[in-house]
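Below you'll find the structures, each written out as structure tokens.
The two complexes that follow have subunit A in common; it is paired with subunit B in the first and with subunit C in the second.
Presenting the complex of A and B:
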């Protein structure tokens, strides 16, 4: 089966006052139909840049330095702007972190959904409006007919994120890029939105690229996960493997710095077992000393080396490449043997 | 008492039709402005009914007669009814201000929107032209236009409209600059919307409130400026009544017949005040930070 999305050795640079900053360094990613792939990393690791470059939405200061992005076998980076615009919203949809501000405040939500349909599907005003109500119903908004005439400020954050999802899937795209879709929402609402995304994957065979910093979200959602650090992918594999037996020291320490309750829930959810035991608080969370380096050139050493608890000479001289390990890939000379 | 009730019912009817007007009417200052402006518009529309005499009609009454039962605001130097001329003159004032404002919007809106949304070289060019326009003295422009095309109401309106274009471009551009950074613009780009659609469906509707406020600033400016141009002989030509023309004629008789200057001046004052209050009300009532 052809993968929905293939990112192949993508490098993206940003112009800045201190010369070029490399936001993505030789990143590859595959998303199969109906698969949920998580992309995890802390702020500035390049995960959002990855999403934007797939959509062709990089800001003017950014440029692709190499590699390719193929959507359903078509090369997106060489596509003329008009073609790319036709793809956006119809073949690939995107939802953002901020449902509070991602809707036009002066247009009823039903019409905002209808806009996409009229643009990509050539529907008339009435047909688009009717379909918009169906979509609102599909994303679980009660009383969809009346809500479609509501303005964004009359809806709650969760409702608005549902509307954003309705817009993104209106034209039945094969891929949905969700960039921190639940970060701005209450925890209970987060769970509902994640449930919705999962049910959409099952019902309309939607592949989802889930960008997040939240390992708990990944545990309950993703089939496979890629861990990013400083613009490079450091580890990739089936979610369960990664959470159970992280091999890259960064992944391991990222897990160790996650609050215990969330982590045990995450691990047990990934293991498919019953809810993990919640440890009583009081223990200080492990933190990762130091900060993410800013890359100005392709790495010549391990990017995580400065923050790694092991001090190995090799890591400062040679860049580790992604090598098969367990069920996935890891870029480390001394992967953790067991958790 | 009955007069007040009548005004209230008409405002209420207008108010029910438009959400914007309703919000302005809910604001105390805005309500006064709405009543004043609505009054001026009604007077202009109903001029043939309201005016006891024709605008250029020379009544039998002697010239320069003071206010009386037959002529509420007196007669002018040719024995014409001042009240009737002020009533008919409201049409000129409104026509000029509407025409000038529309012209300014027509030029400034697309330029400002595109400059603010696209940025880049277009923005630079538009902004430098705007600077040039702002540096150009308005009276010289008005005199130049009249010299070429002759003095008339339309030419006065064109001059006033053009003079307001640079300021309006700046306002529109500033708003477009702010709106283009909003998340919903990025979201609609991600949904595959083209620039034209984004400008028309997302940017423009989100700056309408600012535009409404701008219009309420432009209108009184145009009314006052029309009076000024007519006063200088660059605008409406006698015998057509305009509040400015009436002021010009009145200056020779200020001592003998002060009402000739007082009443047109009062009319200008009321209309300008009305629009300004309406603008104040609109600004407060439409400010999303207060509304939400």
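Presenting the complex of A and C:
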């Protein structure tokens, strides 16, 4: 089966006042049909740049330095702009954190969906309007006929994100790229949107690339997950394996720094199990000393080495590549093994 | 520092607190009741969490308690004195001992001041210290908050988000307040940076013994930080309990839904069934009659649509819950 998306060794640089900054350094990723793939990392890890590169939406200050992006077998980076525009929307859709900034504030939401259909699907005005109502219904907007005439500001944040999803899937793309789709939403509304995304995957076999900093969202949604750090993918595997038995020291420490880890450790300690990251009685979270480096050139050593508890000479001289470990891949000479 | 309060007596207390805002244009004015009759007490030294979603009124409640805003009705008592209507010199004195840490450490720090001056400013304004004493106090605060003394001449834009929040905390603690109100202090930070700030707040509280009102939408953060937690919905507190009790046995249907909507990291934690609420929180401009939550409650009955439930313990050993359907043994309704 052809993967929906294949990113192969992609590198993307940004021009800045201080010279070139490398946002993505040799990143590869595959998404199979109907699969939900999580991309996780903290600010500056390159996860949003990855999404924008796939959509061909990089800002002018950015340029692709190497590698390729194939969507349904076609190479996106060499496609002429006209064809790329056609592909965008019909083969792949994208939703963002803040739906309000992506919607036209002076056009009813039904018409905004209709525009997409008329452009990409050659539908007439009436047919497009009818299909827009169907789509609003599909994404769980009650009273879709009436709501299709509403303006974005008349809808709640959750409803606006549903409209964005309706626009993104209007032309039945095989892939949806969702960049922090629930970060601006309340937790009870987030649960509704995650349920919707999962049901779309099940009903229309939509593959989803879910970009987020929220490990809890990944835990409930993703089949597989990639962990990014300083522009590189450091670990990848089935979600359960990564969350329960992380192998890269960064992944392990990131998980240990969450308050949820303190909760599990407290429960485990109460049951006589190992204390995990929580110091006896004191209830402290694991911290990661130092800060993320800004990469100006392709890495020649481990990018996490300066913050890692293992002080090994090799890590400062040679860049670790992704190697099979357990059910996934990890880029570390000394992966965590004591599971 | 010796507290003027006898042990256990509340250091901050709200009684029947109401905050209204006038909204709309002339001729079409309406009243938005952001805080709707809140009673709460913070015991000296505790960390009290206020959780709720956007529009629940938690931030407004924080601002009224801090007296950045004047309550429409009800009282705020701080260290035994009614400060509901305090102004001028009296309020300035209150603000030496009741201080705030904000969500966005960038917009709350003056970009043209060095961080050393930012931390020193409250000490100067309130004429607490000067000269060499001032320098020593600032050095001590930098050290306590994990900021290198060499950074004193740096400006906010030269720091990372986590370091800026450390500056915000050092500034808030410079006058040795008895109560710190922290409104979403870590929600703008990455999770690994957040861990450092939460640890710092815990350490500082253990060392300095201040009382903390911790406002957050993030349930796991509140659980980690707080001794007691109040859950807010549409301007009301719907449940208040010890943190361990609230997370083990949430009673109010809204609390149950809120906890179940917070995605767990590990499969074993997923044993509790997920409750997905339908719809959005109603507008505070037009709150529903009866129980504020009945429009989204999966188990609401006729009484919930007409009668407003009081926040009271529903069983002998139970914590206060504002729900008609809590059973006689104190357990909440099954969703």
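Rule of thumb we're sticking to: the second predicted complex is superposed on the first by the 315 of 339 C-alpha atoms of A that agree within 3 Å, B and C clash if a C-alpha of one lies under 4 Å from a C-alpha of the other, contacts with A are read in each partner's own complex, and residues count from 1 in each chain.
Basically, a contact is a pair of C-beta atoms (placed from the backbone, for glycine too) under 8 Å apart; a residue touches a chain by one contact, two chains touch by 3 or more.
Values in this document were obtained by computation on a predicted structure and should not be read as measured data.
Within the superposed three-chain arrangement, the count of touched residues of subunit A is higher for C, of the candidates subunit B and subunit C. Contact with subunit C, but none with subunit B, is seen for A:213 once the two complexes are overlaid on the shared chain.
In the superposed model, A:308 lies in contact with neither subunit B nor subunit C.
In the superposition on chain A, A:153 makes contact with subunit B only, not with subunit C.
Of the two partner chains placed by the overlay, neither subunit B nor subunit C lies in contact with A:4.
Taken in their complex, subunit C has these residues touching subunit A: 53-54, 160, 190-196, 198-199, 202, 217-221, 223-224, 257-258, 261-270, 274, 276-278, 280-281. If you check the complex, the residues on subunit A that touch subunit C are 42-43, 156, 158-159, 186-192, 194-195, 213-217, 219-220, 240, 243-244, 253-255, 257-264, 283-288, 291.
Subunit B makes touch with subunit A in their complex at residues 182-184, 186-194, 197, 201-202, 205-206, 208, 288, 292. The part of subunit A that touches subunit B in the complex is made up of residues 55, 57, 85-90, 93-94, 96, 98, 101-107, 115-116, 119-120, 153, 164, 167-168.
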